[in-house]
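There are two complexes below, and they share chain A, which is joined by chain B in the first and by chain C in the second.
Our next item is the complex of A and B:
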């Protein structure tokens, strides 16, 4: 197992480097001036040149990339052009906020997704299946930012039960004063993964139940609960892979949901960085999010191998 | 009987005690106003805010003062420059590049240190003297461009300072509203506490720490700062202008870039004030008892014409026809729910820099068609023009619907308008490159809105031939010796009345020449709880938070 993990880590290194290169190039080839947030359009050319020198944008791109990568490897993602704050600090703070939102949304989405999927798969073609399928398709199809706005209108504006935006009075603690800010964005964010997980699990469970090994288990006289245990174990690797990917998407933050709820996570940060053309912040955030995907995939691969040893051998 | 009396006394005592407790509680209850800003992040708090004039409004003018300031006391009069930390100023009659500023005595920074000439020199050097230990490149861009001629500062005595400009410039006192005075003593304390060893790195750390522990001389003091989440400022009871000591105890500023989110936050009672509420929600906001404030802002929504060789806008009849062919009132009432002021120039009547233009900008399609016919165009021979614009952007209002409105209106006067819609930041960058650059993609006009607070931003950068790209924003390469002469007169009119007269002459000519297609002024709408009283919305990008009360 250790050899397998080591191999996966080694394979991940070139991926990380490629991700760093692509995200650096992408933000640099986009049109517009990287100093737009600190340099008004009426600034003189001499001032613009001076600022370019100060920020190092006058150097050739490969040199800029080399310096950025070297600093990034040392945990220093530079300073945000717009705010002057450390990008590492900004990104870590945002990641913490998104993590909280994503994990809460995952717990809700995966729990309901698994429950609905198992029920629909087990009672395939029954009214339960049709009901669950309707809920899942609605969840996957509905624009989540629209759902967010509807939830805000109902629960904040009309009923006045929950706050509409933000994440509380500064800082975070797990008390009602703060948790109430988490509920609406987390529910909004959970709808798509719930739909996807339930559709996947439904298909898996339905497919497995029709396989011959289930017939054999039943013929051996196993109880329905024991048979179902085998079905779940066989469904788990694919379900874990799907949930891992979904968790990755959620950890990436949702620009739309975090903007609708003014939730200061990675999506909100990206939105701000894009509009201000804050290149160091944009690069840093994309890099950290991409690394999240790489690490999550690694964890999912290892988890799959642990659940089903055949994968490791393959 | 005794027992009854005792009971009565006890009840009365309890009642009095209760009353006292309620009164004391009411007296000690903090009055708080919570504001939903349009910014996605708290504007920089270290003295020179980013995010344009919204930054100056929330983290500049609140915690800091400049040597001069805008008068924000009236909703009716144009906002003009008045003394702030300087009580008086005058140009040196022998050398017009030198100004003497007398400083206000007895002013203290929030950290208790004195404001004096040393502090002024230090604050000028923070953005202009590259070898100063506290020089901060990140503050240069937003400051130096707003006072392009200032070169240095020299202390004469504790309360007198000499400022030097690169060339005679009568606009310096106006420019200085953008230089906010941060506390040198507070910065030094944070510099000494910084962990880095390299002086440059140490200075960066000190500025970063300063942004979290800001100290200015303003009417509000920083109390709590959570980046990207909130800034809380409390009233500075010792503020030097006793008439502007805030009546509210605490201001909470929350970034909410999404208009619907801001509106929902207001309607749900999460905030008491939102900037730019969603226009569609205005009827609901009013119906729920909230108050909408708006006023003409020094902002212009124009088409800036190309005047390079071959541009159709080189013909003044065509420029005038376009200005006469737009029904601005229909745009205001139909498209923008009343949230604009029809533009008849950069400055509207009543403004000291308006002058008396002979060309009256109004809706007169018959006259427009007459002019176009005279210029050789007709229903069958339309004039093709191309305008570059964006689908969104700060200050652009509703760029696409407004441009489509213009496209339809101008079609009635023999124009065939093609819109080239590009991304906002790209458009903004192209603005500096000019109409001759390939980024203009053959456009004959560009639609970038601008702030018209001070004469340089409002007129000079567009009309002075020396401001053509890459120097500044004379995108269309206007090269008119008469404009250059008028700009020179403005720069050397050191008496304020003379300066206003020179600016009025410059504005008069810009309207008479139909330099732009003037369309609209923004009105800076904000929606507030009816509990907020005493708020004045001036004709400015800025507001004075000190006057309001919270019931």
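Our next item is the complex of A and C:
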């Protein structure tokens, strides 16, 4: 197992390098002067050149990439152009908020997704199956940012039960005063993973139940609960992979929901970085989110191998 | 074929009554859900194309005195937006841009991704490695993040969001195309064609392309709904279309300020995105099962 984990980590290194390169290039294909948002419009050429030197924008691109990568490896993602603060600090603060939202959303989404999927797969072609299929296709087709707006309309504007935007006063703590801010964004975010997980699990369970080993297990007189245990264990690796991927998508794709709910996470940061043309902040945020995704994929690989030893040999 | 319920299938005589695609169409037309979705989509597309001849209000013409009228106002059946523009007209006209930036990227990604995937799968070796490892890098980014990052770096605009969405949808199509091509290439009839002296191009055109295009196409259609949501999402963030252009995602964004005054009008553009996206999803599912000859 340790060898397998080591192998996966070694395989991930070139991916991480390539991801860093893409993040770096992404910002340098951007048209216009990266300093345009901080320089006063009447700035002298001398001032512009000085600023360019300070941010290192005057060096050749490969050198800039080397310096940026070296600093990034040491946890230094440079200074935000708009605020002048350390990008690493800003991103880490925001990542915490996004993680909290994404993890809460996935707990909700995965719980319902698994429940619906297992029920629909077990009672295939029954009314439960049709209901679950309808729910999951609705969830997958729903523009979630619109669902967020509708939930705000219903629960904040009309009923006045829950707050519409923000994270509550002061710092975060797990009391009702703050948790009520988490409910709407988390539910909004959980709809897509719920749909996708229930769809996948339904297909998995349905397919497994029609396989011969299930027939053999039943033939030898195993109780239905024990048979089901076998089915679930066989469905687990794929289900884990789908859920890991979904958590990654939630982390990286939280920008739309964070915009709707003014949730101060990475999406919010990304939004302000884009519109203030704060390129170091944009670069840093994308890099951190992409690295999260790579690590998550790694964990999924290892978890799959831990559940199903056959995967290790492939 | 299962071991327990194994039965010997005798290959019937090779008769060709009707084409494969005619059969697919016949099965698709028998599915009421698919037909209903196709009709709804057709109506929306027709309305978008014929918008200037439908006798609607000018979608750009606002009025300060009739802002945010509710649904059912005489003369404005779906109300008016935050600048007093007719919602019905803007929703119909909005279909033009929304469908355009929702459909074109998947179409382009289908062309580019299929070509790359078939080349990778058919040629194999170093070419396969070069193409597939490059694709892996894009897989390291969640799709929404990649789309937002590219169009955010390039700046707002229709062309940039088309570009970023196309880049986002190429990698998954390449993966599907590559795996389908690899599995078809190793089948007996390709060997048989090679043994009978067919050239590489002939094998590719007749034997490979004909067998891989169907599955890739079905996969691509399943991406349309994701692309519609994402494209409107980019506009919703202010990264796609610019005001005053009518586009559903952008309309949803500008109407956000109105949810305290006239919430249901503000939610309308999202209903359109939802309807179009669910119809494409159901149609794609219908197409998939219509193409599945086993069922």
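Going forward, the second predicted complex is superposed on the first by the 305 of 314 C-alpha atoms of A that agree within 3 Å, B and C clash if a C-alpha of one lies under 4 Å from a C-alpha of the other, contacts with A are read in each partner's own complex, and residues count from 1 in each chain.
In the analysis below, a contact is a pair of C-beta atoms (placed from the backbone, for glycine too) under 8 Å apart; a residue touches a chain by one contact, two chains touch by 3 or more.
Please read these numbers as outputs of a predicted model, since none were measured by experiment.
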item	value
Side-by-side fit of chain B and chain C on chain A, or clash	clash
Touching partner for A:50 - first (chain B), second (chain C), both, neither	first
Touching partner for A:83 - first (chain B), second (chain C), both, neither	first
Partner chain(s) touched by A:259 [first = chain B, second = chain C, both, neither]	both
First (chain B), second (chain C), both or neither touched by A:63	neither
First (chain B), second (chain C), both or neither touched by A:153	both
Touching partner for A:170 - first (chain B), second (chain C), both, neither	first
Contacts of A:271 with chain B and chain C, given as first, second, both or neither	both
Colliding stretch - chain C into chain B, listed as 8-16, 62-70, 116-124 or 224-232	62-70
Residues of chain A that lie at the interface with chain B and also at the interface with chain C	31-32, 149, 152-153, 157, 259-260, 271, 275
Residues on chain A engaged by chain B in the complex (per definition of touch)	31-33, 35-45, 47, 50-51, 54-55, 79, 81-86, 90, 93-94, 149, 152-153, 156-157, 160, 163-167, 169-171, 259-262, 264, 268-269, 271-272, 275-277
Chain B - residues contacting chain A, complex	36, 40-41, 44, 46, 50-52, 137-138, 140-142, 144-146, 148, 204, 207-208, 211, 224, 226-230, 254-258, 260-262, 264-265, 267-270, 423, 425-426, 428-429, 431-432, 448, 456-457, 461, 470-473
Residue ranges of chain A in contact with chain C within the complex	15, 18-19, 22-23, 26-27, 29-32, 137-138, 140-147, 149-150, 152-153, 157-158, 212, 215, 248-249, 251-253, 255-256, 259-260, 270-271, 273-275, 279, 282, 286, 289-290, 293-294, 297
Touching residues on chain C, where the partner in the complex is chain A	2-4, 136-138, 140-145, 148-150, 152-155, 225, 229, 232-233, 236-239, 252, 256, 259-260, 263-264, 266-267, 269-271, 273-274, 277-278, 280-282, 285
